[in-house]
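Encoded as structure tokens, the structure appears first; notes follow it.
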Amino acid sequence: MQTAVTILIDGLTYASWLFIVALGLTLVFGVLKILNIAHGSFYALGAYAAATFVAWGATLKWAPAFSIVAMLLAAVAVAVLVAPVIERVLLRFFYGRDEVLLVLVTYALFLIMEDVTKLVWGANPYYVSEPYALFGNVSIGRQTWVGYDFALVALAVVVGLAVWWVLNRTRAGKVTLAVIHSAEVASSMGVDVSKVYIAAFAVGIFLAALGGAFTAPMISVQPGVSVGVIIVSFAVVIIGGLGSIQGAAVGALIVGLARSFAVHVAPVAELFSIYVVMAVVLMFRPEGLFQRTQARRI
Amino acid sequence: MGTPSSLPVAAATAAPTRDRAGGAGWRHVAAAVGAFVLLAGLGAVAPKWLTFLMTMAAGNGLVSLGIVCLMRGGVVPFGQGMVFAIGGYAAALFYNRLGFTDAIGLALAGGVAAVLIAAPFAPLLSRYRGIFFAMLTLALSMVTYGLLMKLDTFGGSDGFNLGRPTLLGMKLPDDKVGFILFLVTAGFAVVMAALARIYFDSTRGLVTLAARENELRVEYLGGSVRQAMAINFVLAAFCGGLGGALVVMALGHIEPNFSFWTTSGEFVFVAILAGWHSVVAVFVASTVLEVVRSFSSSYFPNTWQLALGIFLLLVIRFLPKGIGSLWHRERK
Amino acid sequence: MSAPLLEARGLNKRFGAVVAAADLQVDLAAGERVSLIGSNGAGKTTLVNMITGYLKPDSGHILLEGRDITRLAPRAITRLGVARSFQIPQLCGDLTVLDNMLVANACHDAGLSFWKPARRAETVDRAEALLERFRLQDQRHRRGAELPGGMRKLLDIAMALCAEPRILLLDEPTSGVAAEEKFPMMDTVMRGLADDGAMTVLFVEHDMDIVERYASRVIAFYAGRIIADGAPGVALASEDVRRYVTGELLVE
């Protein structure tokens, strides 16, 4: 029983930050039709930026609680400063091209960003441990959990609801949904599609950076962080269905719980369980659990 | 009756060359022999580090050759690390567990092992295209990675070492090991390159190109696109496994990272850089990557990936058919 | 009275509320030149698609020399001797005209080879001979995507011929072709087929002049049913055809 609770909570925690990141990835694919291998790099960027901002906050002697704001600002900074540049300088030249070609373009971007983060922040790990203690500890049964983990779950729920609300209840959101459905049709109805692209890309990057920023206290922020994140995010969006919000949530839950289960019960499966699920989904229901795109051709 | 179009007709500029059946084959064999002799000569005089670099370039190039085989059919595999790792682990296991040490035999064992494991997936994968083909091959390679990391029989996350191979029963002396392994690797590379060229120019090779352009048409002409895709996948697996075994012998060590997605990405990088018009270009591109990789740690550890990324973007943007298109003119 | 080459029995096909084919019965004999006419959506292309395996009928059977081909894959049907061209020409755009023909020949050959060069004397000669018949010989080194419309259609038809079919189905061979080029084009097509008097040709066509000139038999469609089937003179004079196809009885 205790193990079940442990698995559940560990799985939820993992699923939370993963959902935030995967949501950004699936949104970018849904709108721009780009499966962004560099998405993990923006996660890393968010983590590094959070490390920097929190450190600044500390040197300025701000209250520890401010570090939350610092992390949020870090994510915003990444989205506002980096996303438009990349979209205008690189991505817009490849819109409408073959999806795999775009994956290769983002792969090149990933390579570039790996080195850029190394050049800016160096190769040594950063630790952003102060915020992790902010929420104290929570005891369930005989196990003690760090309150921060639950805060992360809360954040994921808030983010998910916010994105859902914006997409379905605001005008900008409905325009975005129209572009997701068909950019061509939306354009012919007067929508400025390029503005939607920039905004969607920025939001997607913001979500990746947000995931990175708020996960930073739980990991050591160092080169190579992006590599593991992107592959797990791919698994989530494939399982859930490319372009689907509910899919990102359900996919993240499945991946989080599968990994948690493996870690606690069957350690040998820890690393490949996620990818087995991904492969199985691709074999039997390639469009993912919440279909948006057509997969098999013949 | 006039010609059925009112638009001006542009006649062909180059005179057609016809290949007599077998004539082209002999040309390729001759080119392969010549290339091997040249490489052997280079290897004999080159310093050890260069010989090692060329060995790695040739071994890794084989994996990218397999990717090119698939790309001609219009799909890009993002998981060739899987067959690369299988080939390498097969060679290492044969060596350590079965005491089989012949270099040529180990290389072939790697290729065959990769085919045996990949072939069951061929019919399934032959139905996928685009992103989903890429993601499924990626998933399979990551499953392989996960298994290799966790299973102690395969050495776990440390992998394991491979001792010095023998060649046709002869032990290899210390000062000649690098050169001999280079000869074996280059030999396989040259043979596979020639075979690939023959296959690409064959009727099956042309049907593959057609499938890339218009699957519907090929089906309505009586051809089977799925069969072409499945065959290409198996051929790519053999190339990948062969390359994996050869690289392991050169390195003396194998680890699960061989199957990680970033490794697969590098093979794709080389294939994109090379394009699919020239098999020589694949090995040239592989050499470029090896050179950049080798010099990077000493001279520019924090910018070599940046350089590769920019290079890739430039190739995609300005040379989308790869560097091979620079010197290969479509034979008319 | 020899058995028909192709028999379609009781073919039905619906797409939701749209009836594309309703109880179609057609017999085709060897050597016939049949034109399918009817307004858009009447069922002509649906019949072609069902015969070539692109669509499966909801019910009914198609027999080729007595053999049931209804559920076969298009590839298998082609190999049994039924080939088609497409309304929008389906070419391999990045390949040259000659290569397109070589692909068509290769797919038809019994043995695809891993090593025999695609371009060799025998294959190229055969391809060029067919290109010559269709007056595309001068274009043979041009990329398929660069061909003008009329030539694309001709190439599409030439490629279908590589399958050495007993039944050739042409889906609107002259559509998209400038009016003054329609006759020269059909002449070229028919001359290209001339060597093979035993081949049955079915062509979907909207231009009644073309129909009258090149068809020995006309089958008219309306709302998924056949409303006329006979020699052009008879079929085109039928009241139903004049009302529902050629529009001559619109003002009554």
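By letter and in written order, the chains are A, B and C; residue numbering begins at 1 in each of them.
Quick note on the criterion: contacts are C-beta pairs under 8 Å (C-beta built on N, C-alpha and C of every residue); 3 or more make two chains touch, one makes a residue touch a chain.
Predicted, not measured: the structure shown is a model, and the values here were computed from it.
Among the pairs B-C and A-B, the greater number of C-beta contacts is found at B-C.
Compared with chain C, the chain whose C-alpha mean position is the greatest distance off is A. Mean C-alpha positions place chain A and chain C at a centre distance of 52 Å.
Between the Cα centres of chain B and chain C there is a gap of 42 Å. Mean C-alpha positions place chain A and chain B at a centre distance of 33 Å. Chain C contributes residues 52, 73-75, 78-79, 83-84, 86, 90-96, 98-100, 102-104, 106-109, 112-124, 135, 138-142, 144, 148-151, 154, 159-160, 162-163, 177-178, 181, 184-185, 187-188 to its touches with chain B in the complex. Those residues of chain B whose C-beta lies close enough to touch chain C in the complex are 1-7, 9-14, 16, 18-21, 24-25, 198-199, 201-207, 209-210, 212-214, 216-224, 330-332. Residues of chain A touching chain B in their complex: 35, 90, 93, 98-101, 103-105, 107-116, 118-119, 123, 227, 231, 234-235, 238, 242, 267-276, 278-279, 282-283, 286, 295-298. Chain B makes touch with chain A in their complex at residues 76, 78, 124, 127-132, 134-136, 138-140, 142-147, 149-151, 215, 225-226, 261-262, 265, 268-269, 272, 302-306, 308-310, 312-313, 316-317.
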